[in-house]
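Next up, some structures in structure tokens.
Paired with subunit B in one complex and with subunit C in the other, subunit A is shared by the two complexes that follow.
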Partner chain A sequence: MFLKVQLPWNVIIPAESLDTKGLMLQKSIIIRLLDDFSTKKATKDLGYFLAVTTLDHIGEGKVRQHTGDVLFPVLFSCVTFKPLRGEILEGVVHKILKHGVFLRSGPIENIYLSNQKMSDYKYVPGENPIFMNDKLSKIEKDVVVRFSVIGTKYIEVEREFQAVVSLEGDFLGPVS
Partner chain B sequence: MSGEEEENAAELKIGDEFLKAKCLMNCEVAIILEHKYEQLQQMADDPMNQVSQVFEKSLQYVKRFSRYKNPDAVRQAREILSRYQLAEFELCVLGNLCPETVEEAIAMVPSMKSRGRALDEEAIEKVLNDLSMIKKFD
Partner chain C sequence: MAEKGGKGFSLPKSSLKSPAHLKGKDDSPAKSKNGRKVQFDSEDSLESEINLSSKACGKGDTPFGKGDWGKGGKGDKFANGGKSSMPKGSSTSGQKNEQGHTELPKNAKCLMDCEAADILQGIQEQMVVLSEDPTIKIPIPFDRGLQYAKNGSRYTDPESVRLVLEPLKAHGVSDSEICMIANICPESLDEVFALISSLKGKKNKVTQPLKDALSELTKLKQSTRSSN
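Up next is the complex of A and B:
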């Protein structure tokens, strides 16, 4: 699910970018914030960080001892995406393996649908392998599939989410 | 959220951050990200170089998975869905998946049928009808 969140962060402006005043300072704060935002990439609680929408407030700067850098508390709004257990999503198949398929949905690449969670589908080997059921419904590369999320995992080192999903349930499967 | 095991969106058991934050439909995210992208285009020659991978993948995704394209239709969809007693999360799932029948809607958003909710099948039917009207004029 995509979220709109307001967050309080601290932005640190190095001493050397402080010699100009007013607008320039505001610009440095924005640039710094956008930079920090894309470096952060994701957190466990809020998911992937997509884009900053508005900078809502810049607080009083505090000079840090020793370095002389200035720390500004800011309040901004942004859009994030987090996969939730129990949620129903649509994604695109990008890889087919013997035991299941990988899908991408939103910013997540590692969404795994195991053959065990789509037991009516059988693996059909070939140059372009596919999964197919008795009703000739096909799961192949670039097909849109509607699935339910049965588990999510956040990998702190890479700042990435992984999800395992299932087709067990009504109205799930490839979408024409 | 205290323990990860407890999270279950089908029962509307989702983290506190979701109750404070506003959920967005794919089509709303598309408008926001496209606007952001246009802003970047005006500043740089090669805007795709300026954005993060997370941004790029999400933009591609929401462009493909938006049920409503023009901003008026997007606004209307939220307005219509807001008339019913739906949680933010439920509202967005319906707007994203646009179920065609009551059974499909309940399969997509099982929490709508949980005990103590004022939504009966008639009300759900009405939501779907109202939504399908927008689609026609989009």
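Up next is the complex of A and C:
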């Protein structure tokens, strides 16, 4: 699900970019914020960071001793994407194995759909293996599948989410 | 900072979370039927092949271990407010997941795919100007997020969709449920109830208003699904 979040952050402006005033200062705060935002990539609570929409408030800067950098508390709004348990999402199949398939959905790279979670689909081996059910509905590479999210996991080191998903239930499966 | 924010506020379930988590391994019979269990028979071969494993998964916690994935198991059921009307386990779907809103950070608001598409598209349009300045960085997930939002949004006018669905709040439908309805772009009431299991408990209350909303939504639907 996409989320709209308002966040308070601190932006540190190095002393050397402080010799300009007014608008330039504001610009360097924005640039710095965007930079931090992009570097952050994702957090466990908020999901993937997609974009800053507005910079709502810039607080009073505080000079840091020793370095001379200035720290500005800012308040901004952003859009994030977080996979939630129980949510219905769509993803594109990118790998098919005997035990299940891997999908991508939005910024999430690794989504696993186990064959046990799509019990009516059977594995059909071959050069390009697929999963197929009695109604000849096929799950093959590059097919879009609608699924429900059973569980998610956040990998701190990579700042990535992984998810396990299921097709058990009505109205789930390949989307034409 | 942002990370810190998260801990305190997971809603009612947080208290249940840890017990459920602890129980994780010893499959209590109650839940065995509907498969909280996500078993991966050949973890090893999988791992090596797809390199899904990561250092973060670390200690004793196999990448696909039951540990962290959906700690829900039992907790979920309770979290559903103990609605005995919920067909426990007998439903065709193995998913008794409740809505994600318990995982929502408190300062976050759900967006429908079409709303997100609108916002991200707006930023994309500025991109020509933005990309001239190499100091401005665009987050890597941006493109994929935009893509997803565009593919997922079946409505051209997010505001009207909001207007149609907003009245459902008066009938106890939560914000995240409203967004899910919009994202699913349902064709029938059955579809809504099948996919959003948390609404089943409120079925009596929401059926009629939902029906009205759906017929309105159908009018707002895009005639063709955008495919880029």
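Quick note on the criterion: the second predicted complex is superposed on the first by the 176 of 176 C-alpha atoms of A that agree within 3 Å, B and C clash if a C-alpha of one lies under 4 Å from a C-alpha of the other, contacts with A are read in each partner's own complex, and residues count from 1 in each chain.
Here is the rule we use: a contact is a pair of C-beta atoms (placed from the backbone, for glycine too) under 8 Å apart; a residue touches a chain by one contact, two chains touch by 3 or more.
Computed from a predicted structure; not experimentally measured.
After superposition on subunit A, the partners subunit B and subunit C collide with one another. Within the superposed three-chain model, A:Glu87 lies in touch with subunit B and with subunit C [touch as defined at top].
Look at A:Val164: by the touch rule set out above, it reaches subunit C but stays clear of subunit B. By the touch criterion stated above, A:Phe72 is placed in contact with neither subunit B nor subunit C. By the touch criterion stated above, A:Phe131 is placed in contact with neither subunit B nor subunit C.
When the two complexes are overlaid on their common chain A, residue A:Gln116 makes contact with subunit C while staying clear of subunit B.
When the two complexes are overlaid on their common chain A, residue A:Lys4 makes contact with subunit B and with subunit C alike. Contacts of A:Asp45 after superposition: both subunit B and subunit C are touched. More residues of subunit A lie in contact with C than with the other chain of the pair subunit B and subunit C.
In the superposition on chain A, the residues of subunit A contacting both subunit B and subunit C are 1-6, 38, 41-42, 45-46, 48-51, 53, 79, 81, 84-88, 90, 104-107, 148-149, 169-172.
On the subunit B side of its complex with subunit A, the touching residues are 1, 4, 7-11, 13-15, 17-18, 20-26, 28-29, 32-33, 36, 52-55, 57-58, 61-62, 64-65, 89, 92-93, 96-97, 99, 103-104, 107-108.
Those residues of subunit A that touch subunit C in the complex are listed here as 1-10, 31, 34-35, 37-46, 48-51, 53, 79-82, 84-88, 90, 95, 97, 99-100, 102, 104-107, 110, 112, 114, 116-117, 144, 148-153, 155-158, 162, 164, 166, 168-172.
Listed in rising order, the residues of subunit A touching subunit B in the complex are 1-6, 38, 41-42, 45-46, 48-51, 53, 79, 81, 84-88, 90, 92, 104-107, 109, 146, 148-149, 169-172.
Put simply, subunit C touches subunit A in their complex at residues 1-3, 5-6, 35-36, 38-42, 46, 49-50, 52, 54-57, 64, 68-72, 91-95, 97-101, 103-105, 107-113, 115-116, 119-120, 123, 135-142, 144-149, 151-152, 176, 179-180, 183-184, 190-191, 194-198.
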